[in-house]
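One chain, subunit A, appears in both complexes that follow, with subunit B as partner in the first and subunit C in the second.
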Partner chain A sequence: MAFKAVPQKFAAKINALTIGTGEREISLGGENVFPFYSFDAPIENRPKIGIEIHDRGHYAGVPGMDAYYAGADTLAQTAKRAAAAEGADFLAVSFDGAHPDNGDRSVEDCVAAIKEVADAVDIPLVIEGSKHIEKDAKLFEKIAEALSGRNILVMSAREENYKGIAASVGLAYSQKIGAESAVDINLAKQLNVLISQMGVKSENTAMNLGSAAAGYGFEYVASTVDRVKAAALAQNDTMLQMPIVTPVGSEAWTVKESIVSQEDFPEWGPREIRGINMEVSTAAACLAAGSNAVILRHPESVKTISKLVSQLS
Partner chain B sequence: MALKGLDIFKLTPKTNCKDCGNPTCMAFAMKVAQGAVELDKCPHMSEEAKAQLGDATAPPMKKFTLGAGESVFTLGGETVLFRHDKTFVSKNLYAVSVCEGSFDGKLPEIMKVDYDRLGERMYVEFLNLQFTGDKDKYAGLVEKAMGTGRGIILECRDADAARAALEICASVKPLLNGADAQNLNAFGALAIEFGVALGVTGDNLDELYDTAAALEKLGCKELVLDVGSSSVKGAFAAAVQMRRAALRDNDRVFGYPSLVNAAKLAPGDEYLQTALASVFTLKYGSIIVLDKMSYAQALPLYGLRQNIYTDPQKPMKVEPGIYPLNGADADALCVTTVDFALTYFVVSGELERSGVPLNLLISDAGGYSVLTAWAAGKLSASSISKFIKEFEIENKINNRTLVIPGKVAVLKGEIEEKLPGWTVVVAPNEAVELVKFFKEYKSA
Partner chain C sequence: MAKFVVIGERIHCISPVIKKAMDERDPEPIIKRAREQLDAGADYLDLNIGPAERGGDELMKWAVQLLQSELDNVPICLDTANKAAIEAGISVYNRAKGKPIVNSADAGDRIGNIDLAAANDAICLALCSKAGVPSDNDERMAYCQELLERGMTLGMDADDLWFDPLFLVIKGMQDKQMEMLEFIKMLSDMGLKSTGGLSNVSNMMPKHIRPIMDSAMVAMSICMGLTSAIVNPCDLRLMETIRSCDVIRNNTLYADSYLEL
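The block that comes next holds the complex of A and B.
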């Protein structure tokens, strides 16, 4: 009497979204089973890993990362270094410095910088904004225009600014859009509906459902992703079939465990090792829940998660 | 197949005697059908009915304990594959793998990680004792492990050595992880003789299935299914397929907790072990074995586990009280928010980032977020002033300025009325704005 496995593959599937061009083009999503359930049906596109830098360079202050990027003085040089990280499938550039409270870098400056990056690397590009509603809408439009033809993913359009972003990034320049909501299946679906009503095809949209570091309310992330995947696959909800892209580094490196110094918490050990463990744990949990891509900061985390994905695929 | 409530009702005495604690036999039958109550709660059920229903109403996954005394750990008893369908019940447990040669070197770090997070003790629950070929040395290792007070897993496929080890440690109810298709008779007998739980391995799912079924037949009632360590992909496939077979397809042969040995799946790779432990926390690992457990690993892993095993209907709460941050003393500014754990973590994290010494006052708001608590009447001028009085804040803190969440700015006037001598300041609406707010804060 042997074990009788009952596979669970669905008629519906997650949309496959491509970003980048040429040989480096990658596809996110496309599967008709739960994450890593390749025993149920083959999974064509394994989850992808992004490495994140920001508009002024790498995220400094962690010895290993500082060493990795040593000597990279311009954004383009930093981008090149990041793109070469073992296991990185795409490069995410965050424009933190464009936020009015954080340097208020001009749109023109940002565009000039990203153009240099685009000339320096051929890896697919994901653009993350400043999290300032109005500034991002302008910034994304100009970047989408400047990188026309590069098939970039712009993250993120939110409920407050999706109209302009959908019209410019999605329709005028045919780039890909990430729809950002705050860890809630209904909000996610509503935003997807609104963006599709603007005329952007759902095949050209990804979702950023929001995230949380391990220990910081991750149960909401896990259950939201679980429910989104169940609705997309089991109920064929076309407004939830977009692949999920989750920025992890920005959460993992900003919680107490990854910030406080070893002098203040001697028993916790070096900050860098804590940060990598936090980033790796959060990313692995996101992927197990159903993210089709994660965005990480530390090259060591990228390498580890790349190993995890290839061993699980 | 699961039975319907009505089918069960037909077999009850239908006397509505309430001896089972339910108002009617029908109510009892419905609960049994949902798996919420066990059949033997009814003292009047006939033997015939019990036999007829016993198998069909037994929970889909066995629940039992390991350990003894103060270190008793519950495994299994899950009823759903996704926590949003109800809740996960028995949190996954961690073990660190040690052998005779590595025990002394590893022990200090294992014992060092021992802390409290939201009222839950976070530490390495088990030592996984690897057998390295020498029976006497193994017995010595078991002796040493007994002295630590931690739970014991015997990773040993040698029946003689296992017997010698069990003679030492059976009293603390260890897990004997060593049964396979070849030795199942000997190991089944050992487990029964010493009354311990038995770990089962197989080269593939079919072999594991047959071995587990054979052990059940021998009378072993407490099994732990080892997901295997030949590949990550295989281990994950086993963990998911076994749990799914038990809970979705009611296949009781796989209705047991699992064991994942991440130390073997990713030898020498701390970060990959952390990643694997995280994956198996979400997807169906019951005991997870690691090479070591440093603070750097423990902080995310225990936090993640606490999140995933939170009952969706009962949010995590923080104990009410004074939480001094950034070296705050009695003169530091007071800040208040609710006791919902997520709010507490986000707010305290931002306050710590500001570097400004602050006394964070957490009052009992029913475990709700700020707006929900306010709407439910759990966060109000009365609740805050009551907290200030009950906790004798005025005797403990000299500062008389209280910063309240921006979302309940409306409470300012009323709090000042109830707390003469206090000044209430309204913080921004969002936690992310707190760092800027407090860095730029000048006392009025």
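The block that comes next holds the complex of A and C.
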């Protein structure tokens, strides 16, 4: 008997979340099939790739990155370079320097810097905080206000600070919110419920389910993302239908394989290649599990993943 | 697995308020009761217009259009002995939120309702009985097979036949309860869907007892594989039990706020 393919498309679908404005506006999610299952139904929006820069400068000591960002002295100049990277759909700006332990950069300084960035580039913007609960709540509010109308995505609201962020970023300034949990599927859903109960529409929320570098407990990430997608599509769970945005660079570039020097481990080869490999393999695995967007650091990784996505979509 | 389907039973012409509203074509009391049930978590609304021998088709059309236009095309279970009224209801029914349910067919006089459902691409509630209460599960299963075969022959999808095991009143038929539960398990093992008038079990019990008994029965039935029930969704204890069962069966992902969803 001839094989008859039965398309597995679902009645439910992932919400399409738009960020950015004008011609550069992009949509995350919107699909009603499993990741890359374009043989079941067209993928509404191919997965998107973000390039990440930091207010404390790019990661020095990686020759390719040094060369790519050479001469860019301000955040705005760095942003311009990053935005031009081949395959980058959006720019993620991380404010690690605002953390009290990392220099405690003032909110005013950060706002001034992001305004310059916003003036310098038209690519959609994603704001990553300092990972300090209280500081981020203040920082996000002021950035959301300053970039009013730019339709930015603010990463991330956590269990401890979602109230203020939902009220300011989501409601007062109508920007998009990323709900962050740390590889905890029940908390991921709960946080979405709480944010929606604050009055933020589900269509204006993304999820950062947490991440890990490949080989560092990644199987928990993969199974969490997998189950979220399955519940969203097969069970039509509206509290899990937000697109998933996964920061990969911050994990991939902080594990041993990407840190140790070639002098200490000559048989491992150049650090930069190892870092890119970690970043690319982690990102590919995240996308295969169901991330609708990944955030990467190295322009070479962005280019590689972009090629992967375009060939699979 | 899909979530348990709650069919709200409270739009019923046996209620004087609803009867009067239906007679006078007064939308308010019907909409109010519909909204209460949806707010409480009902998935479908049962619309019982009684035997409705005269003018049933007009009444059903009016009520279906009323409910769907006011309440975002809420899916409806068309409940009457009048076949023409069911057909009239389906003729104006909007399927955006789910197929109409025909309530109901049995293996006796009402077997023709399977044909009606098949002809109209509707879901059909199929009572596993002929005349009166079946004496045992062999009899129930024989009716089930008969109804299933008829539906399948007419091209229906087995998922569109929701079998009713016949919930029996505990006061008077206490010794029959476990057998009925075992029948639900048989349906479930065959991969069939099931539903029924669950609150029948607590008939004639004091008002404060009924939510407790109904909750226990729904939990035991869901454990056996019941996929839906026609109940009072405004019974909070019952709805909390159903939501908890959905979590335990892994039909829905747990979150601390699961009772509020």
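Basically, the second predicted complex is superposed on the first by the 312 of 313 C-alpha atoms of A that agree within 3 Å, B and C clash if a C-alpha of one lies under 4 Å from a C-alpha of the other, contacts with A are read in each partner's own complex, and residues count from 1 in each chain.
The working rule: a contact is a pair of C-beta atoms (placed from the backbone, for glycine too) under 8 Å apart; a residue touches a chain by one contact, two chains touch by 3 or more.
All of these numbers come straight from a predicted model, not from anything done at the bench.
Within the superposed three-chain model, A:101 lies in touch with subunit B and out of touch with subunit C [touch as defined at top].
Once chain A of one complex is fitted onto chain A of the other, the partner contacts of A:193 are limited to subunit C, with no touch recorded for subunit B. In the superposed model, A:11 lies in contact with neither subunit B nor subunit C.
Of the two partner chains placed by the overlay, only subunit C lies in contact with A:235; subunit B stays clear of it.
Taking subunit A as the reference, the larger set of touched residues comes from B, when subunit B and subunit C are compared. Legend: residue contacts after superposition of the two complexes on their common chain; A:313 is shown touching subunit B, with no touch to subunit C. Of the two partner chains placed by superposition, subunit B and subunit C are both touched by A:227.
Judged by the touch definition given at the top, the superposed model places A:70 against neither subunit B nor subunit C.
On subunit A, the surface patch touched by subunit B in one complex and by subunit C in the other comprises residues 227. Those residues of subunit A that touch subunit C in the shared complex are 185-187, 189-190, 193-194, 197, 227, 231, 235, 237, 239-240.
For subunit B in complex with subunit A, the residues that touch the partner chain are 82-84, 112, 117, 205-206, 208-210, 213, 231-233, 236-237, 240-241, 244-245, 248-249, 251, 253-254, 269-272, 274-279, 281-283, 294-297, 299-304, 306-308, 310, 312, 341-342, 345-346, 348-349, 352-353, 436. The touching residues of subunit C, counted against subunit A in their complex, run 2-3, 251-257, 260-261. Subunit A contributes residues 1-6, 8, 36-39, 101, 213-220, 222-223, 226-227, 230, 254-257, 259-260, 267-270, 273-274, 276-278, 280-285, 287-289, 300-301, 304-305, 307-308, 311-313 to its touches with subunit B in the complex.
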